[in-house]
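The letters A, B and C name the chains in turn, as written, and every chain counts its residues from 1.
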Amino acid sequence: MNLIRRLLCVALLASVLPAQAADNFITVASTTSTEQSGLFGFLLPIFKKETGIEVRVVALGTGQALDMARRGDADVVFVHDQAAEEKFLAEGYGVKRYEVMYNDFILIGPKEDPAKVAGGKDITAALKKIEESKSAFVSRGDRSGTHAAELRLWKLAGIDLDKVKGPWYKDTGSGMGPALNSAAAMNAYILADRGTWLSFKNRQNLAIVVEGDKRLFNQYGVMLVNPAKHPHVKKEAGQKFVDWVISPAGQRAIAAYKIGDDQLFFPNAHK
Amino acid sequence: MTAMKTAMFPLQLSGIGFAPSGTTILQDINLTIAEGSCTVILGPNGAGKSVLMRIMHGLLAPGSGRVEWGSLEERPLSQAMLFQRPVMLRRSVLSNVAYGLHVQGIPIPEAKRRALAALESVGLQHLADRPARVLSGGEQQRVALARAAALQPRILFLDEPTASLDPGAARAIESGIAALHAAGITIVMVTHHLGQARRLARDIVFLAAGRIQECTPAHDFFRQPQSQAAADFLKEELP
Amino acid sequence: MDTFTASLDAALALLLHADAHLYGIVSLSLRVSCLAVLLAALFALPLGALLAVAQFPGRRTLTVLVNGFMGLPAVVVGLIVYLSLSRAGPLGELGLLFTPSAMSLAQAVLVAPLLAALTRQIVEDAWFEYADQLHSLGVSPRQAALTLLWDTRWSLSTVLLAGFGRAISEVGAVMIVGGNIDGVTRVMTTAIALETSKGDLPLAMGLGIILVALVLLLNALAQAIRSWAARSAQ
């Protein structure tokens, strides 16, 4: 009995200690597109080397990431939905929003292209054709930045989704990767961010069908969570991170990240 | 000390009935157990002997009637019981015997010392460190007897303690019981072994169909039972 | 079929290279789930034993609740623990969110009902055999519960393994409360979920194969220890 108790104490200690070891870290609420494209895997070690600060990224949809910061569970948010970010700022949860970089969305679809949209540059025209032909379309449906962009584009195309929604429109409520997996399995069209697409391996019969439309640009912003709302926010370290990603060094690092020959993110912080 | 000694006895059952969910198992049981007596309960299978013993020991609440211990308000602690199938805990023989003492608040070293003495009295001290569950049935029952004896009870209940043992093991248990009785412990026992009953009993309680048919000194009972049921029973058991 | 051979290849490659990163993920999985089972057992074993042995008002209701909570969805547990540990929640001050401790806590909540329910069943079966003897010795419900826990220890070790199996294979709760942070809270299951969502199905399956192999190995080990100990102590 005594031995068991002693073992128990050791096990407890052993598993609690490492959790407290690293203290110089910040938590960043960000999106699956930045995490899964590998950008953070590339950037953060550089940042850590320069500042000694460890960055812990929790990757969610933009909406969830902002909610997480609203509850005070993050020091910095790094997301891509300008409207939602400005609302977050207006509510007083953010200190100041900085634009960091953009990437672009692309329309992915099956190679057979049942809606006949491949090769076009006009995203709204393509969406109209998909709706008219009732071709299968997978939506994230998870309040992410990509989801918000998709909804905006349907509106720009003059389509009232609530009216025309049918079995062809598949609202999956999932992250970018799982949604791409679903689209691959169902041979459906889907709006995706280029970064996730480039690092996505299970493409099966999918390919890019529409790209290059200005309206497909996807702006990322970064904000320190307001210490006035959440006093425990690590404001010095968090602000250092914000300052770094918009600094020339950070911007150069973002531009340097490539998958194969493709640059994924284009730095555009205001000088 | 003497005042306390007398306070526990006699054990008096008055008007005991037991009829769970309608079926009558015991009715109108009146019985007195005096200090130092050795009472054997006889009766056919299903007569209610085990139920009666469990009520006396306090394992079962009677449906009606009262169990009274001398002038005590509560069930006294200094009693023990042996069951037909001994229950051995998954630990050593010595720990099994010490367990009963330990739960009564006796510190472990003292409990172990007394347990070892009790094991010696049943001749099993050489098995003290064995896992209790690998022992034979006869050895297990002797361990159970040692466990009961170690508690130094004033009264010991035994429910067919030798029923599933071979004659040699049964004899060992029987002599253990005789020794405890000789040491002043009151004995109440159920047995199917008439020879054993004859050797040990001072009084016989004959139970059939949930009623006490007679309560007779052993010497008289085996010569001339008073009830027809008991006479029939003896004829069947001793052809 | 193609994917399956690719998965086996991926699993083998992972094992052969056995890089520090994979090792970190595996050892974190083990540590988090071990602690979770210990935490849960500390609470669930006595509870299960008391439910089997003691008579108290509300015992039946509690038993029904415990049995029902065995089916608690991991995501719900994750959400509850997340909301409690969130800065805006009642335990926010502790700053435990997105740490391995939070993951252990969530898994402990998840497996505690399982441990308690199975313990109750096993102890109750033993109680059936022991009740008269223990009552005769004047044992209190608390003592009886402890005695039966000790006497059913070999069966209970299987219960602990079942709890460990559920804890280490669970993904919904640890994803929410751990955040799947690379190098900090990424465990086997969240790594599998991540690779799946990146579409790298062979790598995901490869990790899955390693997870299953690990659980099997632990069970075999426990089985061996148990039969050795049981032989020497009955």
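Heads up, the rule we're going with is that contacts are C-beta pairs under 8 Å (C-beta built on N, C-alpha and C of every residue); 3 or more make two chains touch, one makes a residue touch a chain.
This structure is a prediction, so every number in the text was calculated from the model and none was measured.
Trainee: State which chain is most central when centres are taken as means of Cα atoms.
Mentor: Centre-most chain by C-alpha means: C.
Trainee: Measuring between Cα centroids, what's the chain most distant from chain C?
Mentor: It is B whose centre lies farthest from that of chain C.
Trainee: At what distance in angstrom does the C-alpha mean of chain C lie from that of chain B?
Mentor: That gives a centre separation of 46 Å.
Trainee: How many angstrom between the C-alpha centroids of chain C and chain A?
Mentor: The mean C-alpha positions of chain A and chain C differ by 32 Å.
Trainee: Just give me the whole-number Å value for how far the CA centre of chain A lies from that of chain B.
Mentor: The computed centroid separation for chain A versus chain B comes out at 78 Å.
Trainee: Could you list, by residue number, the parts of chain A that touch chain C in their complex?
Mentor: 8, 11-12, 14-16, 18-19, 22, 27, 32, 36, 40-41, 56-59, 70-73, 175-178, 180-181, 184, 196, 199-203, 230, 232
Trainee: Within their complex, state which residues of chain B touch chain C.
Mentor: 54, 57-59, 77, 80-81, 83, 87, 89-91, 99-100, 103-104, 131-134, 147, 151
Trainee: So in the complex, which bits of chain C are touching chain A?
Mentor: 31-32, 34-35, 38, 42, 86-89, 92, 95, 97-101, 104, 179-182, 184, 194, 196-201
Trainee: Would you pull the chain C residues touching chain B in the complex into a rising list?
Mentor: Within the complex, chain C contacts chain B at residues 129-130, 132-133, 135-140, 143, 147, 150-151, 153, 233-234.
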